[in-house]
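Everything below concerns the one structure shown next.
Every chain is named by a letter (A, B and C) in the order it is written, and numbering of its residues begins at 1.
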Amino acid sequence: MAHALPPPARQTGPLVWLRRHFFATWYDAVFTLVFAVLIFWVLDNVIGWAFVDAIWRVENREMCTHDAGACWAVIESRGRLILFGLYPYEEQWRSTIACLVVIVTIILSCLPVFWSLRRLPVLWIGGFAAFVLLMRGGFAGLEVVTSEQWGGLSLTIFIFAAVFVIGMPLAVLFALARRSSMPVIAKSFGLIIDIVRSLPLLTLLFAAAVVVPLLVPEAIQGNKLMRVVVAFAIFFAAYQAEILRAGLQSTPQGQEEAAIALGMPYWSVVADVLLPQAFRNTLPSTINQAVITFKETSIVTIIGFFEVMASGNAAIGNGEWGNQYIEVYVFLALIYFVFVFGLSRYGAWLETRMRLGHG
Amino acid sequence: MKRQITNLIAAGTLALSGAVAAQAQDQGVLDTIIERDSLLCTGHNGSYLGFAEVDAQGAWQGFDIEFCKALATAILGSPDKVQIIPVSWAQRFPAIQSGDIDVIIKVTGWTMTRDTELGLQYSRPYFIGPFYVMSKTELGATGIADLEGGVFCVNAGTTIERVLTDYMETKGIAYEPLAFEKGEELRAAFYAGRCDAIAGFGPFLSATRINAENPDDYEILGDVLALEPEGIVVRQGEDDFLDVINWMVSALLMAEEAGVTQANVDEMKANPPSASVERLLGVTPGVGERLGLSDDWAYNVIKTVGNYGEIYDRTVGDGSRYKLPRGLNNLWNNGGLLYPLVMD
Amino acid sequence: MQQLFASHKFRRFAIQAGFVIVAILILVSLVLTGQRNIADQGIATGFGFLERTTGWPMNFSVIEVTGRSTYARVLWAGLLNTMLVGFMTLIFATVLGLLLALMRVSTNTVMKLVGATYVEIFRNVPVILQVFFWYAILTHLPSPRAAYAMNDVIFLSNRGLMLPAPMLSASDLWLLAAALAAGTFNLWRARAKPGTGRRWALVLVSYAVLFALLLVTGRAPDAPLVSVPELKGLRYVGGITLKPEFTALLVGLVLFGASYIGEIMRGGLLSVDRGKLEAGRALGLSTFQINRFIRVPLAFRAMLPALSNQYIWLMKATTVGIAIGYPDYFAVVSTSINQSGQTMELLALLMGGFIVINYSIGFVLNTVNERIKLKGRS
């Protein structure tokens, strides 16, 4: 007589969980152990350096030697230089508010409520204008601060925001031109986009800073910051245009044809039918592009702007704090990390949200 | 149709080149500065110790910056009317050619290529930079020849790269060069021991040594690689502007020679000890006019920044952290190479 | 006239013609303004300076460069340096990226965690900062006199990693090339015939033995086969040196690039149909075999377009080398601008160089993509 065997015992409990996730095979086990030791070692050293042995106050700065931990006193002493660069000391509150305005603008535009082709541009242009007015001054008794004196984090944010505001419409233009049915226009813009994409950003910025003034009549040159921002925006647009083009291609051809058949004019087809979908479909890539752009603002330091990286370098470039460069670099890395990590987490959140939305 | 298009292109081109031509015959820089009421002068993209550095308040300081202020005071009457534009080493010549800046005061060596091919003009030297080599004390080198086979770090794109190559080739010393774009990275590499020596501008080396955790670990060797006269640079054809610069440098030196200082300049002006001081401080009218400036221009300059010696002392000399000896940058009667011109 | 304009065809023509005319006008006016400005300021122009000697040496170069080399040669050396570090970055970053991607899709939680942490850290910090970091570490190693030594043949110091190097003359290299070519040819022939699969090892070994024999018998009696680094004065002589500038740039770019490539590859791996993997498992393939024969090849097809963008991006990122004293193309051009003052000509050369490199990469990868992509589907 045959017995029905009992079902295999359901394996639960912490040990099983551990086994399944960490020690499934012998090489999993080796890997887990090696990395556990490694992680412990790194954490121990980092925490020791950054917190336990660290020197926090300027009063104790003579304790900052090679053997001691991190010398965060340098941040207390030079932090304002890193954050504000050459901006006049007494006026730095303006720079702070201007920064906050842009950050709020960025956060607001991340909310789905603002995702329309009418609201988003208004929000961005408004926030941007407020930023420029505050930084520049020249009204209501505010002292004029020319863009040569802008610096630090607010300059980084300004360049980022300006590149976005100018670059986005340009990107739309580039993308539409490249998929235009007119061969001359499509080919020319294709060529421009490909060339810009194969050049390092630095060469474009360098050309904008030093060569453009020789080639363009003085009347339309603008100042150096403006030229560099425009060149940066063109670079951004060339990348973003390709992202948008992919988005435009992913909307079914039938929709465009239907809209034209309904007698909608070209611009209306683009603005009301194609672009909203293209933007929505490419949001993750767009955010990725924004992340890259934010990091690349650090490149303008090479052509003589005092954005946060350059002012960080200036902070250690004056005799007093020359040896605390690691602390300053870590501080800079943290600043970038906060912005970039925030943006990329948001991108990941959007991705899952959209995947859910579309089934 | 085709002809029309050709005509159209021709017409458009003509119109554009007309606009260009109109722009080309603009006024001299001096007039532009006075009209704009500010002087655009060079800073640095970061810090160049002692010459252009940024303090914790984000304000510019240093020897070159003081000369920018002096020039602004001479022309516009106030040191606040100078705008310091940060530019990198590589950017300074394109920046002046394009008009982003009015003048380069950025320890710029007077070389033939720059003078003849870049469309630039140099003032009389305002600083004499000797090039030295600094190495680690522990290597026990007494001269450059003892560093045979070592790694020499230099600032990329500066005259020193060529000077060092020449020197080593002449003396037949083998070495390995390593060039850095920025001073910060150069210093960091040297402290870390990536290079056995830095070849460079004397003041830069001293500043680097003072900045080290233990300055006694490093020493500047006695051999002078070469001298570099540093001039103030303007665009070709700006003769009036160059006159102002040359005489400003001269006035600073003359003030030192005659003992006119920031502290006693008012007293000196009230009862001048000599006819030349009278002319310098504008007691005798007419000197400023010849340069297109006010008569008390030199008085203003000395009142705001002091004489040459005071500027030196405050920014790189004994009064500063860097404690550079005056050396060749002393007045001729103190064993240096500097001398004022004759103001008659 | 009105009728004419209403015609769709004419309107298209007019718009395009107008576009061309405006573009030409802008170009012409740029050139004219440029010429006038340059003439006004008495700046010398033209490419004549390329023939002049530079007067400065280079720290690191594949071809020999001295103070007496011409600008043309120095620029060429810079371009080679960029290509060297660039292509090595692409290779290593791809391998590391693949490992990361496999870690992130594995079942081991620690592997997943390490992979994710790695990607988040290296992706979110500007690459220039990372390169600074690695350079600082490498330059803080002990000095040559106190170098870490392994059996007195390998040395690690702040001057770099010194390794013994084979001393091959030009004729030896030709010999090696000939042996390789013959071996490859043989293998190819063997592959063409069925049933000869196992012979390749034999072929390879016999060619290696032949090459070694020729090498030993064919050289001068006293010449050593291998040159070992040895401390002389302040430096090591002999062997080959991996300089810190090169290493830091390479490590920084590889670690940074791998985080991006890893993410692209993870996307590619996830896009592989689960059913195919399960089918592989059902056939009794090991994890390694499933990865090797099913997952990676299929994923490769899906991720190639994104990958080629990333490759071009990495190639451009080599320009941060200037910050740590690696004489890449950009650094060399920048120094040349400073020394010769020929800004526009040199910028044009700089842009031209990058366009050529990146178009070549794009072309090769597009060709591969065309070859491997599924036919008959878009």
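Brief remarks on what is shown
Simple rule for what comes next: contacts are C-beta pairs under 8 Å (C-beta built on N, C-alpha and C of every residue); 3 or more make two chains touch, one makes a residue touch a chain.
This one's a predicted model, so the numbers in the text were calculated from it and none came from an experiment.
Distances between chain centres, each the mean of the C-alpha atoms, put B farthest from subunit C. The pair with more inter-chain C-beta contacts, choosing from B-C and A-B, is B-C. With each centre defined as the average position of its C-alpha atoms, the distance from subunit A to subunit C rounds to 26 Å. If you average the Cα atoms of subunit B and of subunit C, the two centres end up 40 Å apart. Here the spacing of subunit A and subunit B, counted between their Cα centres, is 38 Å.
In subunit C, the residues that touch at least two other chains are 33, 37, 132, 136, 322, 343. Shared interface positions of subunit B, defined as residues touching 2 or more other chains, are 20, 94, 97, 181-182, 188.
Residue positions 210-211, 214, 217, 302, 325 of subunit A each touch two or more of the other chains. Across the complex, subunit B is touched by residues 17, 21, 24-25, 28-29, 32-33, 36-37, 40-44, 55-59, 67, 132, 135-136, 139-140, 142-143, 158-159, 232-235, 244-245, 322-325, 327, 331, 334-335, 337-341, 343 of subunit C. On the subunit C side of its complex with subunit A, the touching residues are 12, 15-16, 19-20, 23, 30-31, 33-34, 37-38, 107-111, 114, 120, 123-129, 132-133, 136, 312, 316-317, 319, 322, 330, 343-344, 347, 350-351, 354-355, 358-359, 362.
On subunit A, the positions that touch subunit B within their shared complex are 65-66, 77-78, 80-81, 84-89, 146, 148, 151, 209-214, 217-219, 224, 301-306, 310-311, 313-314, 316-320, 322-323, 325. Interface of subunit B with subunit A (complex): residues 19-20, 23, 26, 43, 45-49, 53-60, 83-88, 91, 94-95, 97-100, 181-184, 187-188, 191, 207, 210-211, 213, 321-322. Listing the residues of subunit A that touch subunit C in their complex gives 20-22, 24, 28, 31-32, 35-36, 39, 181-185, 188, 194-195, 197-203, 206-207, 210-211, 214-217, 291, 295-296, 298-299, 302, 309, 325-326, 329, 332-333, 336-337, 340-341, 344.
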